[in-house]
Amino acid sequence: MVDLKVKLGSLELQNPVMTASGTYGYGEEYEDFVDINRLGGIVVKGTTLHPRQGNDYPRMAETPMGMLNAVGLQNVGVDRFISEIYPRIKKYRTNILVNVSGSTVEEYVETAAKINALDHIPGIELNISCPNVKEGGMAFGTSCPSTIAVTAAVREVYNKHMMVKLSPNVTNIAEIALGVESAGADSVSLINTLLGMAIDVEQRRPVLSTITGGLSGAAVKPVALRMVWQVAQAVKIPVVGMGGISNAEDAIAFMLAGASAVQIGTANFIDPKVTEKVIAGIEDYLVRHNMTSVAELKGALQA
Amino acid sequence: MVDLKVKLGSLELQNPVMTASGTYGYGEEYEDFVDINRLGGIVVKGTTLHPRQGNDYPRMAETPMGMLNAVGLQNVGVDRFISEIYPRIKKYRTNILVNVSGSTVEEYVETAAKINALDHIPGIELNISCPNVKEGGMAFGTSCPSTIAVTAAVREVYNKHMMVKLSPNVTNIAEIALGVESAGADSVSLINTLLGMAIDVEQRRPVLSTITGGLSGAAVKPVALRMVWQVAQAVKIPVVGMGGISNAEDAIAFMLAGASAVQIGTANFIDPKVTEKVIAGIEDYLVRHNMTSVAELKGALQA
Amino acid sequence: MKYLHDFTLVNSERQTDDFVVLTLQGGAEPLPELQPGQFAEVRVDAPGAYLRRPLSIHDVDYDKQQIKLLVQEVGTGTRALTALALGSTINMLYPLGKGYSLPDSKRVLLVGGGCGVAPLLFLGRYLKKNGITPRFLIGTRTAAGLVRLDAYRELGEVMVTTEDGSAGTKGYVIHHPVMKTETPDFDWIYTCGPEAMMRILAKYANKHGLSCQVSLENHMACGIGACLCCITPTKDGHKCTCTDGPVFDSKYLQW
Amino acid sequence: MKYLHDFTLVNSERQTDDFVVLTLQGGAEPLPELQPGQFAEVRVDAPGAYLRRPLSIHDVDYDKQQIKLLVQEVGTGTRALTALALGSTINMLYPLGKGYSLPDSKRVLLVGGGCGVAPLLFLGRYLKKNGITPRFLIGTRTAAGLVRLDAYRELGEVMVTTEDGSAGTKGYVIHHPVMKTETPDFDWIYTCGPEAMMRILAKYANKHGLSCQVSLENHMACGIGACLCCITPTKDGHKCTCTDGPVFDSKYLQW
């Protein structure tokens, strides 16, 4: 028997496979396909202090082995999350992390503080990098001082696991990771979407209502892997890798590059059962390679 | 009849389709497939002051709809380019641009000065963004002051068309484009490759000898298009777009986003005749849309 | 309950230049109950088709465990599907979304345009089973674009408009005589097709005090309400086309 | 002169668990002259196979305008090729690279391992036409991995080694008796297969003063010398495997 357990600071994951925010709803959407209780964790939709309608339609464009989205943080707001959704999903025996977003430092802080009170939410993922929200997200994630400010401010009010999610749209992601580490993050997750664009040439119009949007899916994997490797070499806190992971091999690559755990996003759309397959595939790999614990993979790259 | 001619400052292109440096050799490699004289231009291999052996093998990894390369500027050096290669290729009746690279400002300057003397080379493309050369390329392209320094220094000695090629591995590419414009660039081209990585999980080793390499091909198109759009809105000099262009539709999308011309790289490997097909496809599109000149496409996005 | 099932392509019949009917054979398990207007997210194994493709349930044979899809070739994914060899495996995520609901009147008109005719066959069959005789109004560009008229005729009257007049009434569906009477002889409109067409029908329905159920074809990524890509503005704000729709009461939409 | 031609798959014959021979029919134009050891860059129309795949010319029939490829299924691209239905179109960029050259002795040994046996059939045929009887030494893991031995036997003697001893000599090719005599009864070695095997043969050749031509299987992007991805270190620095090779004199390599 191989040991798939992973520790991310105070978080204990039964296996390293989590689902990525914004791609897995609140978990419920996948109940027909996956036993949610068998996942390492789920990160629910980006949640903000106030409800948000998100961006206009169209919000999606397919690209070569990837997709652009411009959802723009549509969500019911933290209060309705707490009153309506939390009671439904707190039954899951897995780590439910709430992805927290905001336009100002105060919004992040208030939202995090409210979630701090929820017993069955062992952590948050601070989304300081969403490219689809004009006012805040993007600016926060790509400039180091503001990233540090948000992280430090939320740290003041949030005392469970604080994962900070990094934007890939930067020159030096390791530097930003070091910044959030010093500001009190318990872990970093990356990558959020790459800023991209699609054009309908027949109509001579951008496909997305927001002109640009966030690129995800297999296409971004090489960039994500590189960034995870760079960040894992820079920081001491655990790194959660994501970006295009579509199978066990991909997940293992991220762990070899230094990730302690992974998140799977877009691939769920293509195969709603992908998470279970990845868990099984990691187990197979460990057995085949005579490893006893998934922890042995972390950073085991012979570079 | 539609007019495919494009002017990039002093450069006159019979059509907007050029080939990207490092993917088209010196043009000769494609002679069996394409009439080189029918291209808008070719940008030959990255050329440095001294000959370079480039990186060790393996230098290539396939990725989802893309590829990573770690060629690392293998080339015969500018002197042998001038003595051996230039005499062979100067016969082409198209714009031959030399892609110039270096590790120091002085190297760039010396190389450019030598090329300035070649009658049949109407321009250079300054490669200040190659991610595969440790000492210089990367650092130059991602930090604005050094980018400006190289551009300004080469401008002193080079008096034909100076195109500056930008790295996408930056937080704000428009800012860098503005910098090189102010330093005297006649045009900017983008994007060079995105920094990526691939891992062989069975061997637990990076696939590339250099660990990380440059991502190109269809996968990067959404990011490239977004950057071309951002840069075209920022600068006044012409923009040459590239990154994953695989067919006429892609090329047209880049022009709608603001590019005056395009370069095609990786797609040549998949279809050596792709350039001719793109030229024909652009012509078709213009006819179908009742346009008389390709110049009408530039920035014609209804955003 | 939604399923992820492999089907086998047992028949692929070209109808027109760009329409093909695929017959998919289910496996060991019986088919779940399907509602007309529901759709499947179909996995396409071709370069350039990364995400699944949403396709309506065109017809169902529960006994044979067969589902039919009517596919209009518009791009990479649909073309790859219609090029599949018999015997190929097709993976479907289904049944998805909310379908058409039963009318409170027996006087119904089913209006289809383009690939929007697809769900109307299954809907017609469903109505008929519920004692309601469907009447179809189908609009295409030319006569050559008319698809499977015989199958629709088995269920009820079929009226046709073509833009070039090569069959039926010349013009759009709204120009058909049945739409021109002062008091329409139907109380419910079920429609699927180009949004422009459906908007006109919705307006028409409003004006005449009819019910109008429209089926939207928004771009989708997940098909199960997880990604929020497929929204449409409604009286209650943004709603997912894939779970709250694809069929909506036109009055509920911000049209 | 290199060509970009569409071929039609007219035969696809599985040889073993993972080896398939594809017979490709050329079109109107006659085939160009092909050298043994040359290869084609084959376009694969499958998700996950973005670049072309290099495959050796396994056999040629100029009269019928047919080329045979021997494909070992190792990943997405090769598996997609062997799954193709007869009648499918396969686009090839060919002929590429420098092939094997004629020996200056009639005593030759052709040593193949894995998919490296592919070019040796065409090479054997070529040698035979030039009055030289080829002798083959083929190494595999087990007897089940031996491919098309009859075709090779038509041209000359075939010796075999298997790692598990299930056929021929037990061990690697280097353990075969023919390699164990003090003075080998051959002057030229032609080899294609795993690099480890070829390196051992190159060393053996050096030791015995033989000529040794090896065919490298470096990863390629363009196949025509344009990208410089496929280099191998030689006495003259980095050389492209796709244009200066894939066949090299082992002494020229930095082995």
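We call the chains A, B, C and D, going by the order they appear; numbering starts again at 1 in every chain.
Convention: contacts are C-beta pairs under 8 Å (C-beta built on N, C-alpha and C of every residue); 3 or more make two chains touch, one makes a residue touch a chain.
Because the structure is predicted, anything quoted here is derived from the model rather than measured.
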| item | value |
| --- | --- |
| Fewest hops from chain A to chain D - one hop per pair of touching chains | 2 |
| Chain of greatest Cα-centre distance to chain D | C |
| Dominant chain pairing [most C-beta pairs in contact] | A-B |
| Distance between the centres, which are taken as Cα means, of chain D and chain C, whole angstrom | 53 |
| Length of the line joining the C-alpha centres of chain B and chain C, rounded to whole Å | 46 |
| Centroid distance [mean C-alpha coordinates] between chain B and chain A, Å | 34 |
| Approximate Å spacing (C-alpha centroids) for the pair chain B, chain D | 36 |
| Residues within chain C bordering two or more other chains | 47, 50 |
| Overlap residues in chain B, where contacts from two or more other chains coincide | 61, 63-66, 217-218 |
| Contact graph of the chains (line, ring, star, complete, other) | ring |
| Full enumeration of touching chain pairs | A-B, A-C, B-D, C-D |
| For the chain C and chain D complex, residues of the former touching the latter | 45-47, 49-50, 85 |
| Of chain C, residues touching chain A in the complex | 1-4, 43, 48, 50-52, 93, 218-233, 237-238 |
| Residues on chain A engaged by chain C in the complex (per definition of touch) | 22-25, 29-30, 32-33, 45, 53-54, 56-67, 69, 71, 74, 217-218, 266, 268-273 |
| Touching residues (chain side chain B, partner chain A) in the complex | 61, 63-66, 68, 142-143, 169-172, 194-199, 201, 203-206, 211-212, 215, 217-223, 225-226, 229, 244, 249, 252-253, 256-257, 285, 300-303 |
